[in-house]
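Shared chain: subunit A. Partners: subunit B in the first complex, subunit C in the second.
Take a look at the complex of A and B:
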């Protein structure tokens, strides 16, 4: 029994990464109608950012958790202005291909600089060790990751539903033209929202640095799973993306425990089922504004 | 969509030019192993058919499959297995491999067509990744990371160990595949494909079962990709995980957008350029395929979305139109196509 619970908790921890990444992807898609293929690459850059910050400047993990996402967010905003923006009026597949190209470039540049072996990154000392969760003890760091990602997802949800900024973003997502005609400058919010989504990916990367292998390909396979996650949850639905992230995390870890040979396939089987029974996703509505 | 314009441009070629191009293409295909290293020549033809197969979906029906490695790769494995087990000429193995790819494509297509546009791209990519994981796990059949090795080149008792001769043995299969693609594009079926690309809702309103057409094109495309993948596997003597990995799907997409999707010559040209470029990088010892491919993606998408062939055709077409407009000036007020917008 405690073994099962422990697997479920493992699932919540790996689901934390899925949730944060899917959340950023969904927010960007909602506002821009762009599926950002480079999302995994920015996750990878986040992890490398933490590594480089510690290695060269001696920046602690806690500061990296703050600084790296901000820097990546700014980089994201630059990319949006320089490239993504130019293709916004075209068929959305062009931006998909553009960001795929950007992902390949970023990934290969990091590979050329750091090789394919993983970089070591120690856990922050405050989060080292284990904590007793009653039924089983668990690494403190993993518990922190889970609590942090839940808190962050809740915060994003609150901002989107309870603040004026969130209202504008949601309105622009639903009916961009109508919002525009009501006197809101929708275009002004496009770049910050893109940057915000990228920052979330970077943040997930910094979180991953002490517990995952930091290498140039860490985001490549992950982004494909994230695509499956957002299809399951309903792309553009914030709640759906986060929930699907945790569901897929738990499914994968349970699979790892009971049927290890099929664990990587389960997420795609779930996606097939969702497509069959509820094509718009578990929490999605049929064909949103950008579908 | 930008593809709209491209299709219309097909009519801009004069018949003389068309036949001339065909002759040049055939002569080039026949002379290729004399010009370049035969294994590279074979790679070009296999990738060319693969790229054209994807173009049936991407360029002609407006469906971006980002998971076509699944069909190229599954056929590579199936072809390899059949060739190793059955003592028939490799044509049969390739055909069997392509049938396996088509059989695999059918359920995947039926699921994928439930979403369109950008979702379709994501879903195809995800299913292809599933095939990759299966190939990785199913070691007893695929050989896992070692790949499936020792695929023989059986051909009516003729010795084909020299790649120069194998190229000519394989070429008919490739040309047959290209011929099928050409026939399909210029058939009533092909016109429905373009109609779906242009306006899915209207095609449906006119009574065409859009989803059924999409599934049919998808399966046909997977079959042709399977022929290409099978030839590739026999040519190289092995099938590896690389064949089902997402980088392979990305590579065939870049061939399409670089060469010019929605044309038949474009993907062929794109395949030639990318294969030669990768060969150059490999021999020059420059380990930056991802970087180069990424830059090609970014530059093509930002600066010339018609692709090379699309641009050439556009220029030829507008010159032809300029000549016509000398005769009847008022006929065509819009001399340059407006940038395509999302419908």
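Take a look at the complex of A and C:
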């Protein structure tokens, strides 16, 4: 029993990364109509950002958690202004070429500098050690990751559903042109939303640095699963992306434990089932994306 | 107030507006009448800046707005009700009302909107698309009043509504007019048009072919209906 619970908890922890990444991917898709194949690369940049900041200027992990996502968010906004916004009226193939190209460039730049070996990153001392969760003890850091990502997802959800900015994002996601003709300058919001999604990916990367291998391919390994998560949750549905992130995390960990040989394909089996039974995704709505 | 001058528009190779010119004066209610496919919706989209291949000039208060983007036109006081009503599923009724910024001094406060349309008050927390078709149309018009637009551009607001609701839309348009808001209305129902409007433009094949007053519309109702294929 406690073994099963422990697996489920492992799932919630890896699901935390899926949720944060899928959330950003989903908001970006909703607002720009762009599928960002570079999302995993920004997750990797987040982890490397934490590593480089510590290595070169001794920036603590806590500060990196704040600074690295902001810098990556700014980089995202620059890329949006320079390239991504041009995709809006182009054939979808260009979307793939541009964002996948950005991913490959970023990945290979880091591979040139650091090779393929993983960089070491120590846990922040405050989160070292274990906590007793009653039925089992668990690494404090992992508990923090889970609580932090749940809190952040909830915050994003509150902003989306309860604030004027959130309302504008929902309206633009559902019908950009109509929103424009109702006096809202949709284009002004597109750049910050893209930057925000990228910052979330970077933040997931900083969270990953102390517990995952920091190397140039860490994003590429994850991105396929993230796409499956977004499809399962319902393309453009923020709540769906987060929920599906945790569901997929738990499913994968349970698979690892009980049927290791199949664990890699379980996600895609779930995705196929969801597409068959609910083509718009678990939380998707047929007529359009929503919060 | 609104001057449309020789406006043309294409969809790819097909030219659907062949040089439309018309004028709407302050305080007037003017309708655009024409068969299916005559180009009425396209013209309204041109006025809002939603059609890319437009040529010609549009002036609002003597100022050319032909190159302004849609949100700027809205902020000058153009209140748009698209042919599908433009109600958001992911926004509550109240959010649907308050999404547009306030653009004019005569903007209705929310309380006044709710007093005039009690059904919207009752359902303020529900998703916009949970309303019935008639209620959604009311919501779309109320939204224009809430933002304080100076001209209402409504694309067939009575389409598909039961007679009682058509009457209600008529009342709303009269209320809008009493509040000093100018109206340009697309309408297939010529009888209804003659009860709410001051003047009418007949559009055919992307051109204004006639300008009619209410007496002429009533006199020629049968001929017009036949012409419109209704």
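The rule is short, and it goes like this: the second predicted complex is superposed on the first by the 285 of 291 C-alpha atoms of A that agree within 3 Å, B and C clash if a C-alpha of one lies under 4 Å from a C-alpha of the other, contacts with A are read in each partner's own complex, and residues count from 1 in each chain.
Quick note on the criterion: contacts are C-beta pairs under 8 Å (C-beta built on N, C-alpha and C of every residue); 3 or more make two chains touch, one makes a residue touch a chain.
Treat the numbers as computed from the prediction; the structure is a model and nothing was measured.
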Problem - Which partner reaches more residues of subunit A (counting touched residues only), subunit B or subunit C - result: B
Practice task
Could you say whether A:186 touches subunit B, subunit C, both of them, or neither, answering first, second, both or neither?
Solution key: second
Practice task
Return first, second, both or neither, reflecting whether A:174 touches subunit B, subunit C, both chains, or no partner chain.
Solution key: second
Handout entry: Partner chain in contact with A:87 - subunit B first, subunit C second, else both or neither
Key = first
Handout entry: Common ground on subunit A, meaning residues reached by subunit C in one complex and by subunit B in the other
Key = 290-291
Problem - Complex interface listing, subunit C residues touching subunit A - result: 48-50, 69-71, 73-75, 80, 82, 86, 88-91, 95, 98-101, 103, 129, 143, 147
Practice task
Report the residues of subunit B in contact with subunit A in the complex, numbered from low to high.
Solution key: 1-2, 64, 111-112, 114-119, 121-123, 125-127, 129-130, 133-134, 137, 246, 250, 253, 257, 287-291, 293-298, 301-302, 305, 339-342
Handout entry: Residue numbers on subunit A that touch subunit B, as the complex places them
Key = 35, 83, 86-87, 89-94, 96-98, 100-109, 111-112, 220-221, 224-225, 227-228, 230-231, 235, 261-262, 264-265, 268-269, 271-272, 275-276, 279, 290-291
Practice task
Could you pull out which subunit A residues touch subunit C in their complex?
Solution key: 167-168, 170-171, 173-175, 177-186, 285, 287-291
